[in-house]
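Each of the two complexes below includes subunit A, the first together with subunit B, the second together with subunit C.
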Partner chain A sequence: MTAAPRMRALGAVAALAVLPWLTGNAFLQHMMVLWAIYALLALSLNIIVGYLGELSFGHAAFFGIGAYTSALLSMQWGVPVWLGPFLGAIVAGAFGLVIGFVALRIVGPQFAILTLGFGAILHTITNYWVDLTRGPMGISNIPPFSLGPIALDFAQARNMYYVALVFLLGVAYVCHALMTSRRGRAFIAVRENPALAASIGIDVFATKLHGFVVATAIAGAGGALYGHYLRVITPELMSLQYVAALIIMVIVGGKGTIVGPLIGALVYVSLLEMLRAAGPLRLVVFAALLTACVIFLPGGLVSLWRRLRERRLAPEPAGASA
Partner chain B sequence: MDSDVFAQLVVFTQQVANGLANGMGYVLIAVGLTLVFGVLRIVNFAHGEFYMLGAYFTYYVTALAGIDYLGALVLATLAVAAIGIVANQFFFRPLRKEHEFTILLSSLGLALLMANGAEYVFGADPKYVPTRYADETLEIGPVVVTQQRVLVIAVAFAMIAATYWFIRHTRMGKMMQATAQNPEGAQLTGINTGFVHAYTFAFACGLAALSGALVGPTAMLTHTVGDWAVLKGFIVVVMGGLGSVTGALFGGILLGVAESLGGGYVSLGFKDAIGYAIIILVLLWRPQGLFSAGSGRR
Partner chain C sequence: MLKVRGLRVRYGQREAVHGLDLEVRAGEIVTLVGSNGAGKTTTLKAISGVLRASAGTVEFEGRRIDGLPPHAIIERGIAHVPEGRLLFKDMTVLEHLELGAIRAPRSAPAYRDRVQRAFELFPKLEERKDQRAGTMSGGEQQMLAIARGLMSAPKLLMLDEPSLGLAPIVVDTLADAIRNLHAAGIVILLVEQRVDMALRLADRGYVVETGRIVLDDRAEALLENPRVKEAYLGV
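And then the complex of A and B:
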């Protein structure tokens, strides 16, 4: 990393750190927590969609697995809540390993359909295994994270924000480190041309499986954060609605970048609240946004900024600032 | 013969008959999905929404305009086919040269737009499509089938036969085959592939709408039914092989009967999971589909 981007990254972290102190409004702080968790999830899906170049329609299932794992472990076996995100990540990653091992043999639209099938099966099982998951009723009264005697629930949204932010920044750093590493370049090679990547000695299947497991594990950690914060989870977390929400965040923000999914999550969370009064029309707006981005702005919102900057720097040779 | 065994046989036949009716509904959805994939190379995630529109249009035409069910069926099919032309024009035509990934995302956008738009326009309360065939039954020995189910099976079979004949023997059908096999070659021989694409897409949407109009009255109708329909369509198409009409016919019947038997003898709750388990097995064992000789793996 050269000096300028590092300064920019540090500036962004500092801005995110002071953000909750700019308002005393508990609701806005609650939105910030939701943003951090959704951004984490969007970053994880971005590894599959943006870096590996495959479309997964089953990602919400891993989010749900993380949430259920952590909630059940803490409630039934008294496992400390702080271990939840890590255990959620391990279990979701294990499911990701098995499902990825099976599904990644197929590519393209068939892979999307296959992940849709796996996601739907996990959703169905969660819905009907009432003895374990309490079925459509969901699980409520999940213990929150706590700092000594202080429980980090809605009333402590500002502190919970920092917990979520630490995870988010950790994941963003992992994504950055991954993509500047040899393995990250292998991801891009596999996305752009699998046959060529294989010819220069990259194990295409192992590379994809690596990315898929990392992505599903992160989604699991995000699920655990979500469950312990909202304290209620239902099988709906695994439904197509959440799959679509995650895809919208990644595509609208800009796939294949780190800032993109963060912006996508911000757009999603803020529109969700601003349009609450609009009722069903709200989801129509999201759908229109997704379609408009796919057709007119394939690089997502981040590409707007890049486009503007390139226009300004037009006299310079292309790629000089990259 | 033991009366117990006989009773079980009757139950079994009953399950198969019900499964056949559901299966023929799936076939109509899947044939359109497979045609759109074969000719336009689009995996259309929004296909189920045309099923949903078909069912809603039938409801409004019968319940509100007071037109007879069979007339409503035809009107709904034609109206949805016309909407299909518009959808293709705006959501798929501009992306003709783009990566399949982009096209799949565009169809996801269209699906969300239609499903949520339907909630906005038609409301979230469930509707029941009225038909005079739902309460009448047909008794074949001890097996009892509602006339609506008989209608589904009969119309679907007739429609599939007509589609098959259309593709094989008409000028338009041959143009569709040519476009599917080699779009550039087809253009060289003077075929307007843009027109063929629009025609195929509208035809497929009409088939989905017909399925919605036929199967809609057998269940509660909500704006989310399109998700269900497209999932069933995908399962059938994957079983039969993407692009194969015959595969869609056998795949649809197989899925309908398997679900009906699974729901009856194993567990009603996991009935929907049977289909997903089937596609996972099929994609892993024969990615090109059970009834197709072509290659599904790239």
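And then the complex of A and C:
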């Protein structure tokens, strides 16, 4: 990173850090927590969609696995809650490894359909394995996040925001470090031209599996945070509605970038609340948003900024088309 | 060094290579010439593991390599520079070199030395090391594709149509580079449609027609062969 982007990144981190102190409104703070968790999830899906170039319709299942893992471990076995996100990540990543190992043998639309199938299977199991998951009733009274001896009340949105923010920034940094490394370039090579990537010595399957496992593990951590924050989880977490939400965040924000999914999550969370009065019609708005983005703004909202900057930097085009 | 016996490769139902035999010995430049669709590229792809042969064997330094995945074959010391100088257009020269070094035999020199050698061979690339591949000229792109192949420190370099679509003067530079590589001890298997150029560079040549070797001789002899003259040299 050169000096200017680093300053911008630091500025953004500072702004995010002071954000919850700008308002005493508990509802706005609640929205900030939701944003941070969704942004974390969107970043994880972005590894699959943006970096590997595959589409996964099963991502919400890993989010749900993380949430259930952490909730059940802390409630039934008394595992310390702060371990939850890490254990959720390990279990979700393990599922990701097995599913990815099978599904990544094929790529493209067929892979997307396979993930849809695996996601639906996990959703169904969660729904019907009542002894373990309490089925459609879901699990309630999940203990709020805690840090052991540090006596902070993480049921409070402002405190929880910082927990989620730490995870979010950590993952954002990992994504950045990854994409400036040789490993990250191998990801891009595999996305752009798998045959060529293979011919220069990149193990395409192993590379995709690597990315998929990392993405599912992060989704698991996000799910754990989500469960301990909302304190109620149901199998609906694994449903297509959440899959669609995550895909909208990544595509509308801008896939293949780090800022994009963060913006996408912000758009999603804000619209969700602003349109609450519209009821199920919200989904129509989201569908329209996604469609419009794919047609008019394939690079997502972040590409607006890039376009703007290029226009400012470029000399007046002499009769060239815009 | 490289021995191909009875190689058959099929795309779906259609067989493109019907039992091809080929040998490359240490210290040689060998060329595989023939017209479009003769099966030259398919043969290279089968050797480098990108395509799987339906029958036949490929031996490299006395060990079977057919059936190995491409990255394992690169680790044995075979690099394949694909036809049409396939590059990632948004990646810079240095990024390509880094990717090319993702697999290499254990005995390979240090990464920095390999970059240094690639730049010595193609000084143009050093001038453009931070430039994106998509913005470079055809000749520079071909140089980069070869340099990327060299980053895996190969013992055998397979070049597929390196002269394709390049200006004659650039082709000359390329021919010099191939001679330099050969002088540095890299064995070369060259696939070309520019038969005259390929045969002038090579020690030995094979002529491929419709998936079979039809002629196989020393390069000078092939240049004088009436059949080659008539079919490929247009004299």
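The definition used in the following text is that the second predicted complex is superposed on the first by the 306 of 322 C-alpha atoms of A that agree within 3 Å, B and C clash if a C-alpha of one lies under 4 Å from a C-alpha of the other, contacts with A are read in each partner's own complex, and residues count from 1 in each chain.
Note that in this section a residue touches a chain if its C-beta (ideal position, glycine included) is under 8 Å from a C-beta of that chain, and two chains touch if they have at least 3 such contacts.
All of these numbers come straight from a predicted model, not from anything done at the bench.
*Asks:* Based on the superposition on subunit A, does the combination of subunit B and subunit C result in a clash or a fit?
*Replies:* fit
*Asks:* After superposition on the shared chain, which partner residues are touched by A:R307: those of subunit B (first), subunit C (second), both, or neither?
*Replies:* After superposing on A, A:R307 lies clear of both subunit B and subunit C.
*Asks:* Just subunit B (first), just subunit C (second), both, or neither: which does A:I247 touch?
*Replies:* In the superposition, A:I247 contacts subunit B only.
*Asks:* Applying the document's definition of touch, where does A:A120 land relative to subunit B and subunit C: first, second, both, or neither?
*Replies:* Only subunit B is touched by A:A120; subunit C is not.
*Asks:* Quick one: is A:V107 in contact with subunit B, with subunit C, with both, or with neither? Answer first, second, both or neither.
*Replies:* A:V107: touches subunit B, not subunit C.
*Asks:* Going by the contact rule set out at the top, does A:R8 touch subunit B (first), subunit C (second), both, or neither?
*Replies:* A:R8 contacts neither subunit B nor subunit C.
*Asks:* Once both structures are overlaid, what angle do subunit B and subunit C make about subunit A, taking C-alpha centres and a multiple of 10 degrees?
*Replies:* 80
*Asks:* Answer with first, second, both or neither: which of subunit B and subunit C does A:A287 touch in the superposed model?
*Replies:* first
*Asks:* If you count the residues of subunit A that each partner touches, which comes out higher, subunit B or subunit C?
*Replies:* Of subunit B and subunit C, the partner in contact with more residues of subunit A is B.
*Asks:* Does subunit B (first) or subunit C (second) touch A:E192, or do both, or does neither?
*Replies:* Touch status of A:E192: second partner only.
*Asks:* Least CA distance subunit B-subunit C after superposition, rounded to whole Å?
*Replies:* Between subunit B and subunit C, the shortest C-alpha distance works out to 8 Å.
*Asks:* If I apply the document's touch criterion, which positions on subunit A are contacted by subunit B in one structure and by subunit C in the other?
*Replies:* Touching subunit B in the first complex and subunit C in the second, no residue of subunit A appears in both lists.
*Asks:* Using the touch rule from the top, collect the residues of subunit C that touch subunit A in their complex.
*Replies:* 45, 48, 50, 69-71, 74-75, 80, 82, 86, 88, 90-91, 95, 98-100, 102-103, 148-149, 152
*Asks:* What residues of subunit B sit close enough to touch subunit A in their complex?
*Replies:* Residue list for subunit B touching subunit A: 43, 91, 94-95, 100-102, 104-106, 108-113, 116-117, 119-120, 124, 227, 231, 234-235, 238, 242, 267, 269-270, 272-273, 276-277, 279-280, 283-284, 287, 296-298.
*Asks:* Spell out the part of subunit A that touches subunit C in their complex, as residue ranges.
*Replies:* My answer: residues 182, 185-186, 188-189, 192-193, 195-196, 198-203.
*Asks:* Show me the residue ranges of subunit A that touch subunit B in the complex, using the header's touch definition.
*Replies:* Touch list, subunit A to subunit B: 53, 55, 102, 105-110, 112-114, 116-118, 120-121, 124-125, 127-128, 240, 244, 247, 251, 279-281, 283-284, 286-288, 290-291, 294-295, 298.
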